[in-house]
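Quick one: this structure, given as structure tokens, is what I'll be asking you about.
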Amino acid sequence: MKIHIINGPNLNILGKREPEIYGKSSFHEYLEELKENYQDVEISFFQSNIEGEIVSELQEADDNVDGIILNAAAYTHTSVAIADAIKAIETPVVEVHISNVFERESFRHYSFLSPVVVGTIGGFGLKSYALAIESFLE
Amino acid sequence: MKIHIINGPNLNILGKREPEIYGKSSFHEYLEELKENYQDVEISFFQSNIEGEIVSELQEADDNVDGIILNAAAYTHTSVAIADAIKAIETPVVEVHISNVFERESFRHYSFLSPVVVGTIGGFGLKSYALAIESFLE
Amino acid sequence: MKIHIINGPNLNILGKREPEIYGKSSFHEYLEELKENYQDVEISFFQSNIEGEIVSELQEADDNVDGIILNAAAYTHTSVAIADAIKAIETPVVEVHISNVFERESFRHYSFLSPVVVGTIGGFGLKSYALAIESFLE
Amino acid sequence: MKIHIINGPNLNILGKREPEIYGKSSFHEYLEELKENYQDVEISFFQSNIEGEIVSELQEADDNVDGIILNAAAYTHTSVAIADAIKAIETPVVEVHISNVFERESFRHYSFLSPVVVGTIGGFGLKSYALAIESFLE
Amino acid sequence: MKIHIINGPNLNILGKREPEIYGKSSFHEYLEELKENYQDVEISFFQSNIEGEIVSELQEADDNVDGIILNAAAYTHTSVAIADAIKAIETPVVEVHISNVFERESFRHYSFLSPVVVGTIGGFGLKSYALAIESFLE
Amino acid sequence: MKIHIINGPNLNILGKREPEIYGKSSFHEYLEELKENYQDVEISFFQSNIEGEIVSELQEADDNVDGIILNAAAYTHTSVAIADAIKAIETPVVEVHISNVFERESFRHYSFLSPVVVGTIGGFGLKSYALAIESFLE
Amino acid sequence: MKIHIINGPNLNILGKREPEIYGKSSFHEYLEELKENYQDVEISFFQSNIEGEIVSELQEADDNVDGIILNAAAYTHTSVAIADAIKAIETPVVEVHISNVFERESFRHYSFLSPVVVGTIGGFGLKSYALAIESFLE
Amino acid sequence: MKIHIINGPNLNILGKREPEIYGKSSFHEYLEELKENYQDVEISFFQSNIEGEIVSELQEADDNVDGIILNAAAYTHTSVAIADAIKAIETPVVEVHISNVFERESFRHYSFLSPVVVGTIGGFGLKSYALAIESFLE
Amino acid sequence: MKIHIINGPNLNILGKREPEIYGKSSFHEYLEELKENYQDVEISFFQSNIEGEIVSELQEADDNVDGIILNAAAYTHTSVAIADAIKAIETPVVEVHISNVFERESFRHYSFLSPVVVGTIGGFGLKSYALAIESFLE
Amino acid sequence: MKIHIINGPNLNILGKREPEIYGKSSFHEYLEELKENYQDVEISFFQSNIEGEIVSELQEADDNVDGIILNAAAYTHTSVAIADAIKAIETPVVEVHISNVFERESFRHYSFLSPVVVGTIGGFGLKSYALAIESFLE
Amino acid sequence: MKIHIINGPNLNILGKREPEIYGKSSFHEYLEELKENYQDVEISFFQSNIEGEIVSELQEADDNVDGIILNAAAYTHTSVAIADAIKAIETPVVEVHISNVFERESFRHYSFLSPVVVGTIGGFGLKSYALAIESFLE
Amino acid sequence: MKIHIINGPNLNILGKREPEIYGKSSFHEYLEELKENYQDVEISFFQSNIEGEIVSELQEADDNVDGIILNAAAYTHTSVAIADAIKAIETPVVEVHISNVFERESFRHYSFLSPVVVGTIGGFGLKSYALAIESFLE
């Protein structure tokens, strides 16, 4: 089973950015941990700060993987283009969030992506990614 | 580890109610499956159609379990009382939904509970409950 | 033909409550009159002030009657749970109101139930119940 | 007893228009049926696609009939002028709808007429008119 | 000086319609009084219940009169077409209302016409028309 | 007959302020003209830039004059206090505006005063005041 | 191929009305030009200022033409009745506008008709009609 | 004088729930103190987490007490049913809140009950109940 | 203990203003009664119709009294400046209202002051002031 | 005549994406067809999934082409930056849409681009592009 | 060069009011510092808690100074009268704020003044005034 | 002191774009002027039309400069991603605008960036950048 993780803007500086919300470890450290724990799963990874590159990555992943885990970060709340890409492809996408977005500013309560993904998992810190992998496994 | 599952209104007729959205198996059948799969976890269960009984159950569970999985169904979208109960207790609560509520009527997009729970998991069918148990285990 | 009437909160004190809006006779007096007028119809009756008990009653009535007449009173305007119960069952439900709710406070103009019932009848005083029975007969 | 039925725009092509919502029989066929069933009631009929003609018809009917059944169709949701006419006359008016307007587009959920009529009956197909006649008879 | 008065829907039954708001005299009685008081002014008059006929009347009056007094009644609050006609013609239009529309239902607080007329006069009963004539005279 | 004119903020610099909207003559010049034209009317005048002084002036005028003409200018759109003063006194108040406020910014479309005055006159330049005097005379 | 053009309110005075927005030529001049340019197309024409007459015209055209070009002008933004007529008939309807309605007042940004027509063409002056004919031809 | 105190959801765990907002003493401790301080008043007490039981309690108290002090907690902001019960009974009801609800989440700023009670007292901690008793005494 | 009462606009004509809402006695009569009843409390008093003078009075009272009772009347619903003054000072402020503002126009339902005062008391007529004094005493 | 077509996000996978809405042919196939049909027009083409690249392309095309046809897809509904670019350049821009956006989700009903383009054409499938070329030709 | 600084409500107690937001030094201390630093600029100063006095001060300053620095504090968010005064005068006005108003309550996000001033400077503490002087100097 | 200026979309064609709003000189000309005037400050510069590149630039500048001046142009009003980047870094950011955004379209009145920057400066033309430098210097 091949799973592709796509991270959106500012997640490249995880561990540096607002550590009281997002924790202190970088995503790359966590990725290694994930690969360790799910050795039967082929986990690939992409990050971009650019909305349109995430659109392109979703399109390209479509023929190559069994599932996509998407944390679109800020673009979750503003991007119709990413939502359209998810609808345009056939690979199932699971939306994850590190923090509980519903505790935060009201413009973070709406997700353009939630209506078009398979399911959403949020609030469990980096563990949200592991739960998303579980959702594909079970 | 003790985990208590609390189900809200109309989940007692799961399998009968709108099977194209909620699936055909009853929750009791699924509960047996869950207990089978997580034999190290002590899983208890409560269901009520009455908002105030869910409030009381959350209060009573507070001293007895390590985690609560709550699917408040329709009350998710209307109940300040259940949200207050979650804030009033110390046991962590995970919110689950069987269907992807964001695909459905707009009054199902707001959850009074999301801002006060640890995290939310929705859209994975009955598997959402298993993922919630995983969230407590990891 | 079996028809079940379900009344919501505060309708147990009809005749006492705001008589300039709801009239002076109690619902039980009227029920006798209805039974008299529709002797071929088996009319049963349930009232509760508790939202969740109305949910349960709708579920239980599902196998036993041919039609349900529901006056959910205040819960008309606030209850997603009762609307979900109506959708979950197969027995047709007709929504009735004694007063013309559209003449009253604006929060009484929205009904969570109207989109999921067969039809609505409102504003004819207690006669609204008789018209609902007619709707099943014709 | 004299009852006047007033139908609004597009009801002149009933049976042709969206038959999955409005059914296949024309209103004239149904009118004959109604007259048959209520031989003691003198039923007259008027239809117009023009808002202002409905206003005039309501004014003119005022001295001639005992009750008016009004299905203003699209004008239900946009016409202050028809609502003003209803308030200006003394003959009681009952609002009917063939379909359940609350299941449809949100701009059909508001009725300018509901606050000024005696009562509303909707969702029972053409039978809604028969129920309106019953409401005057009982 | 030629002044044309255009009255909208339901003003043809003035004196009959809600006399506690609109008074007991018909508009024709008042028109005679006006002509008496302003003998130097040539006052003509048109009434229609039909929005589009008011549009046509405004267009036709454009070449024939020095000023138009318009009481569009209910269409004040719903008609873009009448507002467009006012903008399309060159004759100055004064908007009048018999009652104080701001004391009444909130949908009567917005006027599509106010932004395109010369000025508005409202709340003075039938005297509002006399003041509008004065506004042209002075 | 005694009529008191009360002008609100920035009307003391009329003729200087935005002459393309308000014209070039000062209010004092116009006041002389008004007194000339209505020699049978005792016209008094008050202006203040302070909301609370307008409240006090309305209270004090209550026992001394037969009618009040109020141009509250900017306070029209923000002052509940002036509206309360109008309701608290018995002398009839007519609201006037020099410009057509409905052509301007949307925050000028709402008037706290309109629902509590006898009537409103707006858009006729300084002539609006003369029309208001006429409204008391006729 | 038969194409029917239906024009709404105030388009009968095109060339006179706000020429800076709508241009200086009348629609009849333009119609001749259109017929000249599309000699293979049988072009018929109807104009009314009355909403209900546009409803009737749409119904009547249904059996007689291959396509309808509708510029409902002001009724675009207020008429549910015309939208219902479009849905009720089978002939394809194309919505055209002379000006770019999105540059103008915000109440012109919503069209009740757009969701029920085949397509919309707006902003090209009278050329919008020619483009609509092209849309049927290609 | 007989006064009945009715407490809503989660007030049964007062002293445990969010002590930084609600204080550390349980309501029962405070009730004893109240009875001590107001020995001439017969103070009775009811608490429920169930909306419909509060409705029933209000109905039943109607014949038995001189005044009702109601802290409906979360139901303050969501219950039309409790508001209807208050309107249906004759005993005066005073609404109390322990915390200042206006400092908290915006969904706590609206009270369905405030428009139908005699008066409201909030923000004084448990002392709010004593002030409510004073309001009945004076 | 020193308590300062600050009254806002139009409360200087209490007893004259809308007596069906505010009662017939003037505030000065009531003030004497209050002083009589609370002889241990040094009660001072200030009234102004001017928002900014209430701001200044709050600032000046800050060093001289133990508590402030504020009935800002109309300014309750419009004044950020008074709210800022309350936040800027250290003396506790209690907000009182004579009438039940929640029964009245919707613009009276919002208070800029409620989020920054200690507590609010409203609806008990002039007795609201006595309850506010009690709130400081207990 | 030189015309530049700019396509936005996800239009690179046309024919693959939601074929029931967008059809089965790729844009490149259609482009060849267009060039065939309009041999006198020099048609160039650009596509990007990146909002800012569309901004840059609009700037660069400004000196090189006579007209721009823009289908900004999802960015239509979210991009102020593209609207600013259109305003900043002098080349006329026509907005096209393949589907009828007004039939779809409500967030697709608003276009930031419509107020700043020459005109809009939507709902005719790929034929919308041909109509846009016609609009430049005629 | 003459520059006049106008401060609004509660700025007279700067240094005392919420020092964690506004700092600990009084405005008079800072004014001395400013005069020291800009010896070539004639700096005058006015403060009032009364909206109408700020209106008057703006009018009076108009003939006497080269620029006005206005910190209207709370009136920024509520005063149409001050905005009208700024539009009525010819002297350029720069709006300053000590704190970053966009970090604070949402009612502080709207400024009636921003659309009518030359420019706005906010969030730099008392230094905002120095930057405003710089804006006049450069 | 090192200060980095980051400019957003369409600012690369300054001098060309809407010169009546933005002036006629290009930003590069102005940058030279700035460097001339502030020789003690090391001023660097970056411009991009791509939202995500501005996010990346903010992250990269974080370790290299003492202050950032950001004119995000159109992205000011739509970008949560840029706001998140500002929050994620430690270097202070000042928001500048050339024009007075509050005079323009309403969608330009909201800034996602204002709540997370140190301060904002807008409306002073290109001089806004100089004032921002001053804000770092003082």
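Lettered A, B, C, D, E, F, G, H, I, J, K and L in written order, each chain numbered from 1.
Here, a residue touches a chain if its C-beta (ideal position, glycine included) is under 8 Å from a C-beta of that chain, and two chains touch if they have at least 3 such contacts.
This structure is a prediction, so every number in the text was calculated from the model and none was measured.
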item: Interchain contact steps from chain A to chain L (minimum; 1 if touching); value: 1
item: Between the pairs A-B and F-K, the one where more C-beta pairs touch; value: A-B
item: Homomeric contact chain I-chain K: same or different residue positions, threshold half; value: different
item: Pair in C-D, A-J or A-B that repeats A-L, with over half of contact pairs matching by residue number; value: A-J
item: Computed distance of Cα centres, chain K from chain C, in Å; value: 62
item: CA centroid of chain C to CA centroid of chain I, Å; value: 47
item: For chain A, residues that touch 2 or more chains besides their own; value: 50-53, 78
item: Touching pairs among all chains present in the structure; value: A-B, A-J, A-L, B-C, B-H, C-D, C-H, D-E, D-G, E-F, E-G, F-I, F-K, G-J, H-I, I-K, J-L, K-L
item: In the complex with chain A, residue positions of chain L that touch it; value: 50-53, 55-56, 59, 78-81, 83-85, 87-88, 112
item: Chain D residues within the chain C interface of the complex; value: 100, 102-103, 109-111, 114-115, 117-124, 127-128, 130-131, 134-135, 138
item: Sites on chain G touched by chain E in the complex; value: 8-10, 12-13, 16-18, 48-53, 73-75, 77-78, 107-108
